[in-house]
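The first chain written gets the first letter, and so on, giving A, B and C; residue counts start at 1 in each chain.
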Amino acid sequence: MESTSLKHLFSSYERNEKLFDEIFDKDNNVKQVYQKIFELYSGQSIDDFINLNNKSKSSFFNQGITFQVYNDDAKGHEKIFPFDLFPRIIDADEWKTIEQGVLQRSKALNRFIWDLYHNKHIIKAGIVPLELISSSSNYLRQMVNLDPPGGIYNHISGTDLIKHSDGKYYVLEDNIRSPSGVSYVIGNRNALKRALFGVFNHYQIHSVSNYAENLLEILESVKPKGVDVPNCVIMTPGVYNSAYYEHAYLAKTIGIELVEGRDLVVENDFVYMKTITGLERVDVIYRRIDDVFLDPLVFREDSALGVPGLFAAYKKGNVTLVNAPGTGVADDKAIYTFMPEIIKFYLGETPILNNVHTYHCSKPDDLKYVIENIQNLVIKPVDEAGGYGISIGNKLTKAEIEAVKKVVLEQPRKYIAQPIMSLSVHATYIDENKSFEQRHVDLRTFALLGNNKEFVLKGGLTRVALKKGNLIVNSSQGGGSKDTWVLKK
Amino acid sequence: MEMQYTVKYRAVHTCKTIVNEAYLQHIILPENNATQELISEIYTVPESCSLQKSINGFGFNSVKLHCKAPFKTIVFEAVFALKKIHEGVQKKESLINTSYQDLNSLEFRTDFETWLTPTDHTSLPEGCFSLFKILETASILEYCLALNSMISAYITLKSDMNPMPSKLGNVLSDAAGNARDLSHVLIAVARQNKLPARFVSGYLYENLKEQSGSQLHAWVEIYCPNSGWLGIDPSYNCLANQYYIKIAHGRDYTDCAPVKSIFYASGKHEVNCIVTVASQQ
Amino acid sequence: MLARIANNLFWMGRYVERVEHLARFMNVNYFSSLDAPTKLSRDRQFVLRSISKMAGDPILDDKELIEEHILYNVGLNPDKPYSILQGVKCARENANSSRDLLSSEFYESINKFYHFVMDYPKDYFVNSGLHDFTTHVTDQTSILKGKMRGTLLHDEIYALIKLGINIERATQIARIIKTKYEDAEKTAEVKNKPLKNSFEWTTLLKCTECYDMNRRLYKKTPTQLTALEFLIVNTHCPRSVIYSLNQIHKHVQILDPLKVHEKHSAAFLISKMRCEYRFKTVEEVQDDVKGFINQTLNTLVEIGAKLETEYFYH
């Protein structure tokens, strides 16, 4: 056994020259920001590392930092989100671009959604096609001409970024319905601190623990008119929701109530929660349930998760919903492709972050290109979350390509296509092989937008596709995650 | 000409099993607008229910009951008194001059997106539009009238009110439907022809000697550029007049359904509504 | 505090307490029967019936019981609502729903407890793991209670959990007394020995972890009188019914100190029951032990229902 224990942690690290490696440069040298941690890790034996890895895994499990996965048997299984002990490091300059770019997108999206529910200038100017909203199931006509408190729709957004082989960041999508994952950012940091406290002395890293207090300030900044100190709550679909851990975590760290629909009641268009001493007014609801479930009197009648009368209270300005109902219209992958134009139209700025070129199957020319070049493209449904329904052209068999063509041709509006982007790779500890290997990573950032207040979490969720060569990083599809360090200047 | 009406609305909610809690939303309150004015409203509800006035998703008044005590039946009654003024003939004439040109502009289509986009209940099966083809008429008004009589003639009016709207395909193949179905058909065809159209729920005064209970009525409003919304009723092949008392409008029936209820019970529930409209003129 | 969450905290307390008593009852009855003085007390069938009855699933016919089945049902059967596994599962589910209010330390303990029970091998348990499993369960509940006391703010959250624990404790102690009293009656009948000196009184005290305390106080072998007195009216015994009532009284006041003045409120009912108990003598109880225990159980159910309508449903 001695030979394995003395084996260098990176001795079997294989580099694929075609991929952009976050740690090694072209000449196989460790990049400057990684040098210190690389030295520290190199001093460890594989056995020490295995030990550390197992400890951190059981720590996650015991703390119940898990999510539910529903398989065919309809029974929920508890899984930990696989966590990698090798952090991703982003230096101050690189981060500055990301932060500014993410904020720029958030603000532009907010102006865009406001416009879609008011004068629709951008459509009348011919920049975004009318069909994009008229055919979107997330465009809520009940929101037309309604002014959300503070003028904010997308208070909370999560932008997914990748680094392409050209070394530049590209935005994959903007999640503004209920982006999740921020609790794992904090969980990962805590786990890494426990496991490798010695490493932290060598780096000046931005803290991620200030997310909760900033979120509360954002919620309070959009309180309804006439409220002095607002009572904010988080609304969850319940303990069986896959992101329940996150809902509970946020409620606990912010110090506000975690409510379910059945805890709330609407009286005379004001919202109250049922407490042991009677009803208590609620002013701001950070809701983690979808629009259609909010209020059975207005949306889906069979919704047991919602609160009858909630939308009327919102419409009368007596309660704030975060994010605003109808925000999802801009979460559509087809809207994403107009982002450069949207930023220009509302802010008069050039986009800081790149967009991946996108082909709209709804446009005849694009559709033709897509059908002819499926093997070089990623085909995505416009309104699915969680990485479902994605086909990656160069991984398909001939028969599969034909099947995809058929589906796309049947409902072209439902699909977009993008060139296959080469996600950058990062050294990741692979349990089965007991060694470090290259794996594809992306980065989800978390931005908050309030009334005269904005915030971007200095850190993020680096998601790892644990299967070799796989590009899909979603946790529901077998992805893992890494702590992400943003260095101070 | 001014009319005075007394509208009585009575809804009986029943459930086969005991209901522990229920929310009942009624959209039955006549709206205040240029031609009608609500004078008084009186409600009768069981003691165990709380009554609250609120709004629906599109801002129309609603009356909500919240029942917490166990029950099997709830009777809700409302009495409204209102004034209705007959629209001047002059206004109608201005309609004649409106033309088709504006309908194609992006600005118009964008502004009226809500009333131009088909919904599940206002989508006609492929090919059905050819049933209602009208050659270009002199004005939008004429077009609307022609379309209205065509639909009115094609579909026989039935008085029954199913709780759920019928499929338009069935309505056309049976050539029969209730006021709601006829309205949905008219809306579907109007929207297909680029005319913004919306579903109207309201009361109809039927000048009969013997007032027997009836149901809520439904008709359509179509937007004519330059002159505004035009009330039109495919059930009786006429324009809405002083006998039409509007409650609310929406994209289709589901946006302004008179009753929406949420029961916390296992059994099936149903509601029976009776409306009487009397005139004091 | 949300009414639903209050309800969940209350029930979490009850489930934790319930599994503790069930595990200990199983352990003590099974192992003390192995060398019991009377033949009936040693009889495995008799012990299994007693365990099943305590769990809330009395066996009414005379058919021969299979030991593995009974132990599995009470210990690890996920389909039996009374099993220890189900109890722990419910406790953890209740903790999950109020996770934002509980300390990480407490949650981690209950989560570990849950995984321990869920992962316990069934075959090992019914064949040779009974002692290991039940001991571990009672140890875990002690750890949980320690974490509760040490890592939660002693506010209404704590009061609600303690309320659940103490109502459940009073209930379980009363049920254990009832079960063992009936066992004692049966053994006395068979042996024609006086009921008051039955071996079952010792088992009863052991089931409630009171044997050592009782010996210290009375300095002789437990009898019916000393066992009952100790478990019902001794205010210094942390397992006695009166002790639990005092705790319930203390914690319900944290929720709403003024409620006690309202006739027929839960707080009022608790105070009333507590007063009755304070001036009860064991001699009075002895005349009709079963009647007295039944009345206690009924009042506890009534208090539980009152708490629900007053605090948990609006």
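Note that in this section a contact is a pair of C-beta atoms (placed from the backbone, for glycine too) under 8 Å apart; a residue touches a chain by one contact, two chains touch by 3 or more.
Bear in mind the structure is a predicted one, so any value in this text is a computation, not a measurement.
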{"item": "Farthest chain (mean CA position) relative to subunit A", "value": "C"}
{"item": "Chain whose Cα centroid lies nearest the overall Cα centroid", "value": "A"}
{"item": "Whole-Å gap separating subunit B and subunit C, where each centre is the average of the chain's CA atoms", "value": "62"}
{"item": "Whole-Å gap separating subunit A and subunit B, where each centre is the average of the chain's CA atoms", "value": "43"}
{"item": "Centre distance in Å when subunit A and subunit C are each reduced to the mean of their C-alpha atoms", "value": "47"}
{"item": "Sites on subunit A touched by subunit B in the complex", "value": "120, 123-124, 126, 130, 133-135, 141-142, 144, 267-269, 296-298, 301, 308-309, 311-312, 315-316"}
{"item": "Complex contacts: residues of subunit C adjacent to subunit A", "value": "1-6, 93, 96-97, 99-101, 104, 107-108, 111-112, 115, 156, 255-256, 311-312, 314"}
{"item": "Partner subunit A, residues of subunit B touching it in the complex", "value": "23, 25, 50, 52, 54-59, 62, 64, 106-107, 109-111, 113-114, 116-117, 251, 260, 262"}
{"item": "Residue ranges of subunit A touching subunit C (in the complex, touch as defined)", "value": "61-64, 238-239, 244-245, 248-249, 251-252, 257-260, 262-263, 273-279"}
